[in-house]
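In what comes next, chain A is part of two complexes: it sits with chain B in the first one and with chain C in the second one.
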Partner chain A sequence: MQDYEVEFVERGDREARFLVRGITPAFANGIRRAMIADVPTFSIDQLRVVENSSVMFDEQIGLRLGLVPLTTPEGEFEIGDEVTLALDVEGPSREETTETVTAYSGDIVSSDELVRPADDNIPIIDLKAGQRLEVEADAVLDHGREHAKHQGGVAVGYRHLQQVEVVGDKGEFADDEPHILRGVIEDDGELIATDEFDNDLTERYPDKELAVEDVPNAFVFHVETDGSMTVEDLVVRAVDSLRDRADELRESVQL
Partner chain B sequence: MELRVIEKEPTMISIEIAGEDHTFMNVLKGALLESEGITAATYDVNPEQSGGQTDPVLTIKTEEGVDALDALEDGAQRVVDKSDSFREAFEAAA
Partner chain C sequence: MSYKCSRCKRDVELDEYGGVRCPYCGHRVLLKERSRDIKDVDVR
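Moving on to the complex of A and B:
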């Protein structure tokens, strides 16, 4: 079997860029699509409204709560599993000088510590004196293809790795135009993200004649998650979902 | 995974794979085209809204002496191997 070569260019918990060599466009695209639509995440799907005296309809609150990313651990849950969460926030009392109290995603209390809001600072709604929001919510595990709120990857894509070669000097009277390039370039085996030189090759190679070429079967993935899992988890789960389907097909064919 | 054979000859198979979309089908097609003994591999899928045949139909043609169903099994195994190999390389770098 062919070997892949993976190298990280940038890495964080929620955002990373990595280069994969030796991968076919079909497989690269399969992994990208799987990251977006086939890796399940928890998201609030049903509300029981105890009190909503805020300025918004129950449905609007429901939509906002659904879009709050929830942490989704691997292997603990199956598709369709539910976790109950609750939110109870009240506006300021009439005596207080503050005008509003904001309900944040951090105010959501989960019945399962494995599944809780990935961020604590997402505003849900402002509450004025006398207003109150109390809801009980069921989060359900489902795929991104069912609803965008279940997508774990929010910005997932890839570009070819590009090779830059200096072929000579620019002519004395050549146009002094910027040469914009985005992504990651390879220069003598060194990987350089183009934002290091303002995405303009003339900043890095002034007055040079350049040849830029895509490197075959080398793709730089840029993956950003909504916080429900790390980039590494997302990639591994996406590849596993492809693997599982292939394995299932192989077994069905054998019968 | 539900399969329905639409047409079957020794060196040709046309099979419906229920519940899949481009994500898996294109990876599978790509892997099949890399395999020895396969002369043609393609799939056809209609959009969800079309109302008719919306499950993908995979068609494989093989060289003389290669059974098309065996070729499909090998192709699926190839995707498994690719995934394992990718995961290994990724986890080594991560």
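Moving on to the complex of A and C:
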């Protein structure tokens, strides 16, 4: 199998930017689509409403709970596996108060410590005095192609790597307009994110005549996850899913 | 069917001859009580 050159420009748990050299546009798009649709995550799929005296309908609360990202460890579960979660929050105990109690995703209790809300501060609903929300929910492991709530990658995209070359000086009477470019540029082999100079090349190369070109077969991916897994996990699982499907295809066409 | 009077907050049982009116205070706004059954909701 061919090796690809991968270089990180920014690297965080939930957001990263990395350069991949030596891949075709079709393969880059394949990776992007796999990150969105082929990496399974847990999401609430069934709700049992024991009590809901809040101002929202059961279905509205269900939709909000379905969009809470749940941590999805690799290799521990299979597609269709279920984990039970519960939420029980009550409004303020004093009857006369106008204050509210907010039910947050952090109030959700899970039956499996591996699957829990990725963020604790997602508001579900405000409860007034006398109101109560008690629900039980089943989270199911499924793919993003089945429902968007199962997408692990929330902002996944890529751009060509841009090569910037100084070809000369600007004329004395040349227009002094900004030259906006977004993404990552390569300058003498060095990778620079364009937001370092406000996405304006004239900030970095004042009074210079520039030639900007796409670097063939070099793509800069910008990946953000919903917290159900790290960016690294998401990318590796996406590429694994592509490999599995390619293997499956190869086996099925062999007579 | 069980209702609650929105003025006197008392439980009201309606029959087909009595009309929509609280038998205790005569108020005509009655709130339907939520069933105590556990409700299944598909999150889709």
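Assume the second predicted complex is superposed on the first by the 248 of 255 C-alpha atoms of A that agree within 3 Å, B and C clash if a C-alpha of one lies under 4 Å from a C-alpha of the other, contacts with A are read in each partner's own complex, and residues count from 1 in each chain.
Here is the rule we go by: a contact is a pair of C-beta atoms (placed from the backbone, for glycine too) under 8 Å apart; a residue touches a chain by one contact, two chains touch by 3 or more.
As the structure is a computational prediction, the values presented were derived from the model and not from experiment.
Contact with chain B, but none with chain C, is seen for A:239 once the two complexes are overlaid on the shared chain.
In the superposition on chain A, contact of A:46 is made with chain C only, not with chain B. After overlaying the two complexes on the shared chain, residue contacts for A:147 are found with chain C alone; chain B is out of touch.
Of the two partner chains, chain B is the only one touched by A:31; chain C is not. Between chain B and chain C, the partner in contact with more residues of chain A is B. In the superposition on chain A, A:59 contacts chain C only, with no contact to chain B.
Of the two partner chains placed by the overlay, neither chain B nor chain C lies in contact with A:93.
Taken together, the two complexes place no residue of chain A in contact with both chain B and chain C. Contact residues of chain A toward chain B in the complex are 1-8, 18, 20, 23-27, 29-31, 33-34, 37-38, 145, 232, 235-236, 239-240, 242-243, 245-250, 252-254. In the complex of the two chains, the chain C residues touching chain A come out as 34, 38-44. Those residues of chain B whose C-beta lies close enough to touch chain A in the complex are 1-3, 17, 20-24, 26-31, 34, 69, 72-73, 76-77, 79-87, 89-94. Considering their complex, residues 43-50, 52-53, 58-59, 62-63, 65-66, 137, 147, 149 of chain A touch chain C.
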